[in-house]
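Please go over the structures that come below.
Shared between the two complexes below is chain A, which has chain B as its partner in the first and chain C in the second.
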Partner chain A sequence: MKRLFSITLGILTAIGGFVDIGDLVANSETGARFGMRLAWVVVVGVIGICVYAEMCGRVAAVSRRPVFDLVRERLGPRIALVNLIGSYLVTLLTLSAEIGGVALAVELATSVHYLLWVPIAAFVLWVVLWRVKFEIMERVFGLAGLALVVFVVALISLNPPWGDLGRQLTELSPPGGETWATYGFFAVSLFAAALTPYEVFFFSSGGVEEKWTRRDLITSRLNVFVGFPLGGLLSLALMACAAVLFEPVGIRVDSISQTALPVAVALGKLGLAVVILGIFAATFGAALETGLSAGYTIAQYFGWQWGKLVRPREAARFHTVVLVSILLGVAILLTTADPVTVTEISLVFSAVALPLTYLPILVVANDRDYLGDQVNGRVTNALGVTYLVIILVAAVAAIPLMIVTGMGG
Partner chain B sequence: MIVRGWVVAGLVAVAAITAVVADLVPPTEDGYRSTVLTSARDARSAVLTAAQVGDAAQHGRVTTLFVDAAVEDARDEVSTAISDLVDADVPGPGSQELRNRVLPLLTESSARIKDVATAGDDHDALAAATNDLRRLADALGGVS
Partner chain C sequence: MTPDPLRVEFHLLDRQVVDLDGRQVGKVDDLELAVGDDGALRVVAIHIGHHALGLRIGGVVGRTMAAVARRLHTTGDPQPLRIPYEVVKNVGSAVELSVRHELLDTPSLELWLRDNVIGRIPGANHAGE
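Right after this comes the complex of A and B.
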């Protein structure tokens, strides 16, 4: 019974923790401009993150070491350094975007300008990372993120033209007024939002923090194969809400207040309160994950003591990296760069960095020295290689599409 | 390794020179028209969003604090559209005529969006503000 409860809690946490600022921005922007015509990208992205997160969970549970601890050992310091630089910079940009998302969520509730909330949000973030236990931290914000289920309720309440939405799902081309280039740009952004690199760093390091063993493989797989797809449904609900309210009248989404508006229109003030809570929890939870991931990547590369299982004094360099990363993230926002724009840029560069993150996972997950009888099977490898090709295409296309479309136009 | 370094440095230099040269090229009528149309489109989007927020406020579906935040976002969007238009060099009389037609619509948009926030709980004022915003959105949608 206790185990069932633990598994259920893990799945709920995975659902609530799936959506972050990238998903909030990319899905509502896309819904407003393309309706549900790019929903297939979310599905492709969710399958991709499931394939690779399962590998990471398996590596963590069997070897009891996080993937990126093994990358340097397996691929050597030079290749691992390229991986580290790319992954760290993208994670830093994502961390900045998440802190901005927290500040924007508080602005929606208080109408006090988000820039005033940025330092406060960052300080609270650091205190939580410093003081709160890993499991409590993950569970509280993951479960609070479930408040985003309000997008599903709002969608039903908006009484949308289901037939039109269904037709859009099968239209694999841009609508009138949009070009193939903008269609491609948003497809890449959505794909990157689903496969953001920090998600796998966090999942594999989190498995080690929670002391997963072979016995926990089932927990890991249920989190991935049940929790992530249900989290993906929240992304689709977000997209559909924007598609229903904004697409027919040609409104483009540029702010988080617009992301929340369909819920308010459908469900009133109570719905608005719940969606603001959900956005806060999703972005704060993701800020915790990206803050930790920034520390994980660097500490694991250099072989330092890391994680929240040991006292901060014993992992001083890890906590210093986390603190410096938070300060750098705040510095980016205090240039007055718009958090939504920072998010859009972070998604483009996430797409560019994806191969650096995912290729080593595939290599390590096939190494019998680490995984013994738990190495990838044929189906997993076929899916892994297929996704690596898609990831490479997205990585190559991201920057040219960004330039050609002027960040989506 | 050294050759690769030179190639990267060369690419960076070419990109920098391209960016500088692109900035020095005199604006064209088509380029200016594109800037105006983009500004009008973005402003229309902000105006319609403010109108939806106004509708929601009329029906008591949003808090005053949310209205303030959403209106501020919409006004920021229109301010950016105005800055883009004002900062662009006007290449000729045709462009000047277009600018003179669109700029007043944008400045009025910013003022009318603010009306949604200042209306508070006054239903009549909210209704008037949203009607004005929809009229402006139509006018901005007609810019070509």
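Right after this comes the complex of A and C.
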């Protein structure tokens, strides 16, 4: 039981990172348009985030320094500032979208328009960030997010043609009706969604907040190797549900209610209730994650006191940034911008901010001053460098693909 | 401790400064150097402050940062927090001081936000765990 609770940070980080509002729609949309032909990207992304989250968990446990400390130390204040601006904007847009996602989940349950729920959702979010202890927060929302396992149950009870799905897995080309450009655009979006920078900011800062030491290296690794693959599994189940239900009839997915539809079809009302709870917990968890990350990045760049361990009045600048970010997030939503579009845009920009976040992690994970005997081994370094190359390719391709395909068409 | 074997740029600048209890004090935004009797440069003090950082970065970005820091300063005359190098206990993954943060000046932006914004919200004194 204690072990189960000790991995809730990883589960919350992964569920918030993998199945937040953007991914809920993006995975379904990809499933509906490409079947399982892009599932390999999710697998590649899961391995990538595991490699890098393990590194920053190790850095956090051994040296007690979160990721953004390293970014400024290793890249210098100028380049780190570029990263700060990029990462902050991505995190802010995502935060905004997640607040919208919470409101949309409540709309699914109540049929009251989501814009009316936005201010309430934002206020509750702020109260949780202000008052609730880090551990309770991560347990409640990490575990409630597990309700999304209902997508796996739904997939099995839909009794899909497993053979066809398996064949699509190995087909590394777009299906008829889709071009290589849209295939590339969705591949980059899915990859960026798996490695969004706020995941490592949140995970490493969470490790520091939980006062990880060398003895917690096992906890850190358990978190990484259980949490992230679980997040990946849920996104694959989402994708497969859409591939089974929507792809054969050519239905396009562009709203959260369509994402939930396969579960309702397979499991009826009870399934729908569980899926709404899951979507609520996942988007709320992601909102907590991005809200805190917005504060973490700025506070860690400037060296301010941050975190939930000290009294808020002793981390006044940090709490002000969190509060202002939530207000800005609400303001973006109240322009009636579609939350799903907001995340899709933020994913493309996050692809661009990725290299500046992951390079310093790789550098520091090799520094004996920080890690002593816990520096990277050869395999980790080989994987780390390979992923850095993939990340660079994705970063270079992101914006041209967005323009060529008009956001995926 | 002697700073001589340190590479200032690599080991000192931009590192996190923490106090005796591990509280975050700030970053090493700038350094004060002096020439010793033997003609060698020595680190005399650490400077912490966004204005100091802006001046160090220089260029349009640095000037903007310094200007913003000046605007956000309550008296409009931001002086960096100066920490004499004698109180530096250890330079590791962070720069550890041998004093508590209460003994150091609190940055004016933090003070202003504490008194006028965050401190006024109910529960501001409630510690997490």
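Quick notes on this structure:
Everything that follows uses one rule, which is that the second predicted complex is superposed on the first by the 390 of 409 C-alpha atoms of A that agree within 3 Å, B and C clash if a C-alpha of one lies under 4 Å from a C-alpha of the other, contacts with A are read in each partner's own complex, and residues count from 1 in each chain.
Basically, contacts are C-beta pairs under 8 Å (C-beta built on N, C-alpha and C of every residue); 3 or more make two chains touch, one makes a residue touch a chain.
Computed from a predicted structure; not experimentally measured.
When both complexes are superposed on chain A, chain B and chain C fit side by side without a clash. Of the two partner chains placed by superposition, only chain C is touched by A:R65; chain B is not.
Contacts of A:F18 after superposition: neither chain B nor chain C is touched.
Of the two partner chains, chain C is the only one touched by A:F302; chain B is not.
When the shared chain is aligned, chain C comes close enough to touch A:W130, but chain B does not. Measuring from the middle, so to speak, at the Cα centre of chain A, the directions to chain B and chain C differ by 130 degrees in steps of 10. Partner contacting the larger number of chain A residues, of chain B and chain C: C.
Within the superposed three-chain model, A:A109 lies in touch with chain B and out of touch with chain C [touch as defined at top].
In the superposed model, A:P312 lies in contact with chain C only, and not with chain B. Once the two complexes are laid over each other on the shared chain, residue contacts for A:F280 go to neither chain B nor chain C.
Measuring only between alpha carbons, the smallest separation of chain B from chain C in this overlay is 8 Å.
No residue of chain A contacts both chain B in one complex and chain C in the other. Interface residues of chain A facing chain B in the complex, by the touch rule stated above, are 107-111, 113, 245, 249-252, 254-255, 257-258, 260-261, 264-265, 267-269, 272, 276.
Across the complex, chain A is touched by residues 41-42, 44-46, 48-49, 52-53, 55-56, 59-66, 68-70, 72-74, 76-77, 141 of chain B. On the chain A side of its complex with chain C, the touching residues are 63-65, 69, 72-73, 76-78, 80-81, 130-131, 133-135, 299, 302-314, 316-317, 319-320, 323, 369-370. Every residue of chain C that touches chain A in the complex is listed here, in rising order: 11, 14-17, 22-27, 29, 48, 50, 53, 56-57, 59, 61, 65, 92-94, 109-111, 113-114, 117-119, 121, 123-129.
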